[in-house]
Amino acid sequence: MTTAQPPVSRFPVPALAEMPDDIRERVEAVQEKSGFVPNVFLVLAHRPDEFRAFFAYHDALMDKPGNLTKAEREMIVVATSNLNQCQYCVVAHGAILRIRAKNKLIADQVAVNYRKADISDSQKAMIDFAVKVSSEAYKVGDSDLQTLNSHGFTEEDAWDIAAISAFFGLSNRLANVTSMRPNDEFYALGR
Amino acid sequence: MTTAQPPVSRFPVPALAEMPDDIRERVEAVQEKSGFVPNVFLVLAHRPDEFRAFFAYHDALMDKPGNLTKAEREMIVVATSNLNQCQYCVVAHGAILRIRAKNKLIADQVAVNYRKADISDSQKAMIDFAVKVSSEAYKVGDSDLQTLNSHGFTEEDAWDIAAISAFFGLSNRLANVTSMRPNDEFYALGR
Amino acid sequence: MTTAQPPVSRFPVPALAEMPDDIRERVEAVQEKSGFVPNVFLVLAHRPDEFRAFFAYHDALMDKPGNLTKAEREMIVVATSNLNQCQYCVVAHGAILRIRAKNKLIADQVAVNYRKADISDSQKAMIDFAVKVSSEAYKVGDSDLQTLNSHGFTEEDAWDIAAISAFFGLSNRLANVTSMRPNDEFYALGR
Amino acid sequence: MTTAQPPVSRFPVPALAEMPDDIRERVEAVQEKSGFVPNVFLVLAHRPDEFRAFFAYHDALMDKPGNLTKAEREMIVVATSNLNQCQYCVVAHGAILRIRAKNKLIADQVAVNYRKADISDSQKAMIDFAVKVSSEAYKVGDSDLQTLNSHGFTEEDAWDIAAISAFFGLSNRLANVTSMRPNDEFYALGR
Amino acid sequence: MTTAQPPVSRFPVPALAEMPDDIRERVEAVQEKSGFVPNVFLVLAHRPDEFRAFFAYHDALMDKPGNLTKAEREMIVVATSNLNQCQYCVVAHGAILRIRAKNKLIADQVAVNYRKADISDSQKAMIDFAVKVSSEAYKVGDSDLQTLNSHGFTEEDAWDIAAISAFFGLSNRLANVTSMRPNDEFYALGR
Amino acid sequence: MTTAQPPVSRFPVPALAEMPDDIRERVEAVQEKSGFVPNVFLVLAHRPDEFRAFFAYHDALMDKPGNLTKAEREMIVVATSNLNQCQYCVVAHGAILRIRAKNKLIADQVAVNYRKADISDSQKAMIDFAVKVSSEAYKVGDSDLQTLNSHGFTEEDAWDIAAISAFFGLSNRLANVTSMRPNDEFYALGR
């Protein structure tokens, strides 16, 4: 019933030895920390300058201090990525969400329909906003920020939610165009 | 970060002892076979006549002989249910798909973007048709059946694909309106 | 300007004599009561088990006791079926709606734009909910049931509305895929 | 189950005696010919200059010579008006279509799903184009005119189809905003 | 990077000498007033009766007295025409809007996202309504007119807004089907 | 008719003296080169790390060598940004497109409907792909790259087109959420 496993990317993927030093070092660091190299690192290494900008942006949003917990940031990624039908992001960030939230069920729940997930009403409002940014940002206005505020989110939190939604919208499109394949390791992580 | 676990259904759920005999027997049979009672049995037991018709329809499509494998039928369910954002069906039938296909990865792949899944081109054409039936059946015409035929599907297979897509469209809507909760057991099955 | 009349179904239709006894009896009963056999009985008789489940489900929703009048149930069918562009269901259930409501105008009004039909505000709220279930059930939440309640509908009525909408969504998809032809008799009934 | 019959328009409707002479004469002429005054004449008489332009446009498209039959022009109106959920246009022009085509069934068929109607393949291609003009005219290009041509339609026919679709798009919007009520007489005409 | 300039219309365009007198006179008048002949006059002159009705309708809406300023009417045209992706109307009426409003920036702002334009909240509400009429007029109801009223618009203003939106919806479709080319002169007017 | 000019951003904007050195230097450099500071630099300076990643990404895509001309890259930005209703990007990059293409008309043409713009068929195919990436990247497959190839675009060009579309999708969302105001200077540049 299955066909041969497709490659990691529709585009060429450089060998570790061919990568610029800074990129190879980042790849080796993640390999050491995670035990495997998430394919997004290999796929984007085909374009070193874009690799650097992509991960700088990622880190600026996902590793920065702020009111949103690490798990909440991953909820935004998982919910919007499923609406964008991005296999890589749902599978990979679903794993990270399970780990961050120490919750085996949450990633699948948030991916399919966050309105029915075991999360708080504030978290649902957070994802409502992220989905609006993802699908019709041109309609975002004062009332959206007021709704967020009524759930305890500051104006800076609104920026964070919007920027994470927008950045992973970029990521979702790259993953779909490159046919970026989720590593097999992600599927069972945190379950 | 999480809230109290919500109930199995927005509507009343009868105790086993309150169910009509035939329904209680079916519930006990599935309990014995699976080791737990999938919540769809409890949620629909609130309406015994609808319960009976629902499962008669389910069995007529999913347990009947035919060219589609059991795994292929589940692929249709999983792909269309995610587009309908039905948490129960994606989680529960994702588990069944993993088991039927003896493949730990396939359910998440098919749910998020079947075009990138480890399935055959014919299976992708099968899901293309199922998605068209689910989202714009009014446009289905001769050319769709010809495309299916070019992938080896007979006219009777086309009926099967369409009927499974249509039946789970019903199921997706009931699950979303009742807030039918997937059993915790499903998430890890077959992984 | 017209072409030869197309057949009743894209799929084979069994002769009365070929049908299983229980199905033939139901067909004969409806023939006796209505004076003709609605094509849905012939089209689905190609699949006896599905026929039985389909009509069991239909009867469980449309013939059961409950607060919704028979005419109101048909309004739900007619409005959602037109949005799904299902010729069979709009024409056949339009006829039934005219008869149930004893109103010659109502079916065409409800089919095209129920917001402008000669029905009560509560009935418009009922169809609003049915349309939401039909088109974006994943968004249904507590506030929808509260709105229904403010129009006098109980929680059980909400289930009825949702289930009718969902069941005819299934029916609409089958009718479109099979190219189920409405009987000529339906068009003028109740006018 | 029904409420009091709503008025003909959400806006004021002038009495015959208040209308400018040319408009009153047109209203009287249609009354004499049809036996009743279609409400569109009354609703638009509230704005005499718009009334004159509207009917001049209508006549320029619907009464002109050309390859499209009168019935075919009405098919375009009925199909696109139902997609725009315009009760007045579907009911009124459905009646005219039945009369023009001398066919009791055709209007309901074309309204709900023209792909399943008893019309020729060329007529289906004609309506395909009309629907594209109605819903995404910005995508119309050379290939659309070539498709029409392969069905025997000239470039001038393409203009006619497009203009009828566009004009009734205007009409549909006015009818929905004014809550223009179809006359009771239309429903049974030609059946 | 550019190709040869495409013609003014996909359809034949009559020479001035070939036009009926009244049409030629209108063309000459606009030429004298504007310094050039906007291509819409040439494109529609291919169909004299439609030309006359079109401009009669245009004048009845755009030149009539009423509460809406000339600039506000153009805002409606520009905002809805961009959503309909009509190059001719956005470019030509963008120029007129800049002139009417004596504002070099306003046309581009309103075209792309009127919610962020330098216009009043009432003008945003006016365009909200115009966009609803353009995209989903079937949902327009009492509450829309109440919202307009809360911004100071009368019922007659609501008709004006709706009619302008609907008329230019017709115009947008004709321009897209004919590939009506905006005159080069429009781009810089009023900047 | 106009209200007071809104601020540059919904969020705080740092003074030049408050910016980190590297950011202030970039701002001063663009000021020197362009004669004014495009507001995107001020708006994003509120978040220095995101500023750095954003412009690194921008430069990696827009300033890199490659087969796409500078003008073609701007066409992609302008066309997709208008569909996303992003005022800042259409106005600012419209100006850049006019300058890069040395063409006063092209930006407005491409923004509203690139299918009718004075560009080559290959450039229209390029934008077709960019729009697909922007609106339904999950459907991108081999056939899209083959279509691009038939217009002379390599696989690396496909990455470039997709990445520009995806990056400006991020930019469009940030601009809409921050209410980023286009500088007045952009409107007339290159006209």
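The chains carry the letters A, B, C, D, E and F, assigned in the order they are written, with residues numbered from 1 in each.
By our rule, a contact is a pair of C-beta atoms (placed from the backbone, for glycine too) under 8 Å apart; a residue touches a chain by one contact, two chains touch by 3 or more.
Note that this is a predicted model, so its numbers are computed, not measured.
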Between subunit C and subunit F, the fewest steps along chains that touch one another: 2
Centroid-based (C-alpha) most distant chain relative to subunit F: C
Cα superposition of subunit B on its sequence copy subunit F - rotation in ° rounded to nearest 5: 120
Whole-Å gap between the CA centroids of subunit A and subunit D: 50
CA centroid of subunit B to CA centroid of subunit D, Å: 43
Centroid distance [mean C-alpha coordinates] between subunit F and subunit E, Å: 28
Multi-chain contact sites of subunit C, meaning residues that touch two or more partners: 85-86, 113, 138, 176
Pairs of chains satisfying the touch condition: A-B, A-C, A-E, A-F, B-C, B-D, B-F, C-D, C-E, D-E, D-F, E-F
Residue ranges of subunit B touching subunit F (in the complex, touch as defined): 113, 115
Subunit F-facing residues of subunit A, complex: 10-11, 46-47, 49-50, 52-54, 56-57, 59-61, 64, 84-86, 133-134, 137-138, 140, 145, 155, 158-159, 162-163, 165-167, 169-170, 172-174, 176-178
Partner subunit B, residues of subunit A touching it in the complex: 1-3, 5-6, 69, 71-72, 81-82, 85-87, 90-91, 94, 101, 103-106, 108-109, 111-113, 116-121, 123, 176, 179, 181-182, 184, 187-188, 191
Interface residues, subunit E side, partner subunit C - complex: 138-139, 141
